[in-house]
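These are the structures, in structure tokens.
Heads up, the next two complexes both have subunit A, just with different partners, subunit B and then subunit C.
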Partner chain A sequence: MTALAPVLAIEGLKTYIHLKRGVVRAVDGVDLTVGAGETLGLVGESGSGKSMTGLSILRLLPKGAGKIVAGSIRLDGEELTTLPEKVLARDVRGRRVAMIAQDPMTSLNPVFSIGDQVSGPFRYHGGLPRQEARAAAIDVLQRVRIPSPEKRLGDYPHQFSGGQRQRIVTAMAIGRGPRLLIADEPTTALDVTIQAQMIALLRRLQQESGAGIILITHDLGVAASLCNRIAVMYAGRIVETGPVREVFRNPAHPYTRALLAAIPKLGSRGRRLVAIPGQPPSLIDPPAGCRFAARCPLKVSACDAYPQTTAVGPNHSVACWRAGEAV
Partner chain B sequence: MLVLDQVSKHYGAVKAVDGVSLTVPEGQTLALVGESGCGKTTLAKLILMLEKPTTGRILFDGQDLAQMSRSQLKGYRRQVQAVFQDPYASLNPRLRVASIVAEPILAHERPDRASLKKRVEELLDHVGLPASAASLFPHEFSGGQRQRIAIARALALRPRLMVLDEPVSALDVSIRAQVLNLLADIQQEFSLTYLVIAHDLALVEHFSTQTAVAYLGRIVEHGATEDVFGAPSHPYTRALLEAVPQPDPDHVLPDAALLGEIASALDPPSGCHFHPRCPVAVPICPRERPAEVNAPGAGHTAACHLLAAARPLEHAASSP
Partner chain C sequence: MWRFVLRRAGNGAVSILGASLVIFMVSRLSGDPITLMMPPDAPPQAIEAMRVALGLDRPLWTQYWIFITNALTGDFGTSYRWQQPALNLVLDRLPATVELAVAALLFSVSVAVPLGVLSAVYRGGWVDRLGRILAMLGQAMPNFWVGLMLILVFAVGFGWLPAFGRGGPEHLILPAIALGWYPVAAQMRIVRSGMLDVLESDYIRLSRALGTPERLLVWKYAFRNAAVPLLTMLGVYFAAMLGGAFIVEVIFAWPGIGRMVVEAVFARDFPVVQAGVLFSSILFVMSNLLVDISYGIVDPRIRND
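On to the complex of A and B.
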């Protein structure tokens, strides 16, 4: 996977949110790459900074409060953080980088027909005449398996089911052949049988489109079924990254291990769950050392300093002082 | 302890709950699972008496709720408490924790200040919160801690049955296990019976002793959790189980595109509601509502025509 040239390369990214009660270091030194045709799972809990990392790429941060304060984000080698807002809006957002958000109802406008919303970008940004934009919309809706889309272009979002709406949002995202797709909890709002359909769809698009995908999720099951590589985030930083099999079979960071032990799995009936004590630190004033240390069963005095990232296997690295030890 | 006998709840033309019979045995944890529109939340409302059934009876210790006197109902409300999904919505933001936890006690008793304070502190201790939490407001707590406060409130009257409506689905993964373990501990300590409403099948398998699977207002399968998960007998249960993504990169999800959409509860399909999505439907399925028949395991039933055809002599009497 690493042989592919990265579509996206993030280095040392820091995104801070300025609030009245202080500065939240939502993303605090993140490095990651996504190759063409590769799906990277950005896994973590609420507040770990995974969504903020995604929004930083598109510079869709809370207005006035959110700011990229350090680091670089390169898309096919081009630096995005210094790109003027106008250029970013015209060339990047929705075109080279597209996004699928969790709740399809917030991505779709309830008062415009699906046909208008899906064909709009082809007409107004792609410059296609009306009839061609309509044909392009039908084509892309077919790709996401909306049944007889030509008959449904006049329908409004509320006339579709939740699963269909999420597929329509996906159609809008892939419509213009983005290089990078950011899918933020794309299946979380869906019922389990519908979620399985969405996973199947995303997997097919992966193969067809060759785009790099960042899948942001808290659901380790969804991550395992879609991703080639996993990056585990905790309190604004990536604590472990590696090929999906490595991370699930040989998790190296105590947080990753604890997460995997804390979730009930089918077939593991009756076993007591291993809870992680405590809760994540505040990102207004995070600890100087390892941010998981306060909850970590393996904590030693070295953890008072932030751990170096060390390799524990091919493409598998972890930010933990005790990474090399057999524990 | 709690018996639902052919309970239905209709909202206009919508049959949110359509002839459900279920028994919640004392000391057990019955999980009700299903997707949107299956009626699980309406069932919880019926049991909590937030709604009245259109037809059918709900019996508690053999007594029909609809026939209970005022004082009997008050007793019922003491013995049946609930914990809801969203601890941000279920706790009054303007009350201190002490008042939140004391509220159900004050609705039923007139304790003196000192004993009330002591009871609140004991309750907080049971759910793993310090006594100092009593003087704080809900916003000063994390989601997991808020859910602990909601559990303390539910425990306040020493209930016998607790309805847990998606008790951990609003919480972060690392916090869920804490709350699930707490619920398991207090169940032991206070000999509680649980009715848990959930959509997460792995959680249900882990947490419950009995499982009922609902689809569009009806129970399609019901039995001991190990039987329902070990020998799922309704095609819908099998489809649900297969659709769960596993935290295992080598687990292969089936090509779920076959399954189609969940039908609308406004206009459910005829006969067996699942037939348009069912991979093994036969001609009778759209015509007749299937009866509950025995499936492998004691008290394990499923409402499927195919099962009835395969085991013609084992028709379950009527309801479990």
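On to the complex of A and C.
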């Protein structure tokens, strides 16, 4: 799948957030690609920079504070980082790249009807007249399996359940047939059965549309069930990337291994939960070497320099000095 | 929705009844109207005859009962001073009061909303700073002073607008500004803080991420959310403008209810006071009812309760 020209190619992306207490290097040299029809899982703990990577693509960083300082983001070969804001807003956001928001309970405008919100994108930058936008909204709501959408266009968000709202949010995202979907924790706020439905929905939508998906999540289970490939992010950098089975079976980075070990298993009741000792480093003044070194059981003196990325299998690479011996 | 409106209207009727009781009792605490109506050397028999003629010799409860039952048939009594039905006096003045209050409200909203929205969108920019200065000035200048300054500059100085009286639309401009000036600051601040909250919300971020043009995002999708607290405030200010425009009415010789009621209080002209205050409270309740209904229009979550 990666042999095809990628929909999205990010190289050396650095996104810094300028705060009063210093510059936070939220994304600090990230490379990744997403192919058509491919789902890339971007996993990592809170604050690892995965959401900031997603927001950098759409350039929706904190106003005045967040800035892309280096690197390139290419969408179907077109450079996005140098695109003027106006063009980006008109041609990219919602049209070629769309976002599925995290919390369905707060992501819909409470005082506008679903019909208005779902048909909005068709009208305002699809240029469709009202009636056609309405028909398009009904169509896309049908695709996300909202029952009898034509009767529900006049209803407001509070009249829908959490799972339905997430479907509506998804409908808003897929409406204009984007090439790339950024799904930021799309299942986190849902309960487990609804999560499963949502995963099935995303999978089906992808098969229908062939869009690339970046699934941002901290839930390895969700990543495993949806993704073709995963990229593990730690302290602003990607430490390991590879096909999902490969990474889960043969994790090469000590952090990935620790993450997988931290998942509670059936039958482990009564035993202590496994945790990774220590804290991620501050991103205001991160260490020059490997950022996981301070918490790493395999640390050696070489780890004082940042490890080069090495291949440990087909499409499977890792940034660790001891990757070769550890596998 | 209709049940909601009916319930509010019922509550309003109770409020009006309560207001009528209070004003009936309180106005009678101000003294005996007969002593103002009769010459100081009038014989006691004549005073007593007058009191009986006006029904003021009966117990208070009986007087109130007569007032209420008559009021329900539209009879508010006859003005002691003008010898005309009190209701007619009030109804003559009602349009002027409503006209002034509506104009003042329109003025304050049309200044406060754009300033508040732009202050939030360009937070810390020059509109925001200008708005803050205006807000401070607005709160610091009482409306009698604003009224006098407006007359001095635009009526006396430039001679562009009439200084007093009621007539064509040009007569309305200065009093409306004088009355609507003060609430601008508070309205602007509530719009600004509401917009700041809403612009940070998940749904506006998502809408922006999906490419909604910024202008629509601000003026349509964000503003309607920020309008709910503004509506509450408008209800209060509109009611205050309907009932409390006395000072502005005096400065601009505006023939409104406020001025008439105050004059009637000084004359102890009970029927006019009662009719005037009762109409003010009806207007007050109606403006609150309008606010409640507009909540339902703006925010669907209220409509369905």
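The rule we apply is simple: the second predicted complex is superposed on the first by the 316 of 327 C-alpha atoms of A that agree within 3 Å, B and C clash if a C-alpha of one lies under 4 Å from a C-alpha of the other, contacts with A are read in each partner's own complex, and residues count from 1 in each chain.
What we mean here is this: a contact is a pair of C-beta atoms (placed from the backbone, for glycine too) under 8 Å apart; a residue touches a chain by one contact, two chains touch by 3 or more.
Note that the coordinates shown come from a computational prediction; the quantities given were computed from them, not determined experimentally.
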{"item": "Fit-or-clash call for subunit B and subunit C when the two complexes are aligned on subunit A", "value": "fit"}
{"item": "Subunit B versus subunit C as contact partner of A:195, first or second or both or neither", "value": "first"}
{"item": "Subunit B versus subunit C as contact partner of A:298, first or second or both or neither", "value": "neither"}
{"item": "Subunit B versus subunit C as contact partner of A:158, first or second or both or neither", "value": "second"}
{"item": "Touched partner set for A:274, first subunit B, second subunit C, both or neither", "value": "first"}
{"item": "Which of subunit B and subunit C A:110 touches, first, second, both or neither", "value": "second"}
{"item": "Partner chain in contact with A:94 - subunit B first, subunit C second, else both or neither", "value": "second"}
{"item": "Which of subunit B and subunit C A:173 touches, first, second, both or neither", "value": "second"}
{"item": "Touched subunit A residues, subunit B compared with subunit C", "value": "B"}
{"item": "First, second, both or neither for A:124, with subunit B first and subunit C second", "value": "second"}
{"item": "Nearest Cα pair across subunit B and subunit C, whole Å", "value": "14"}
{"item": "Doubly contacted residues of subunit A, that is, touched by subunit B and again by subunit C", "value": "none"}
{"item": "Contact footprint of subunit B on subunit A as seen in their complex", "value": "45-46, 145, 161-164, 191-197, 199-201, 218-225, 227, 244-245, 248, 258-260, 262-277, 279-280"}
{"item": "In the complex with subunit A, residue positions of subunit C that touch it", "value": "201-214, 216, 221, 224-225, 228, 298-301, 304"}
{"item": "Residues on subunit B engaged by subunit A in the complex (per definition of touch)", "value": "35-36, 142, 144, 172-178, 180-181, 184, 199-203, 205-207, 225-226, 229, 239-251, 253-257, 259, 261-262, 277"}
{"item": "List of subunit A residues in touch with subunit C within their complex", "value": "58, 60, 89-90, 92-95, 98-99, 101-103, 106-113, 117, 120-121, 124-125, 156, 158-159, 169, 172-173"}
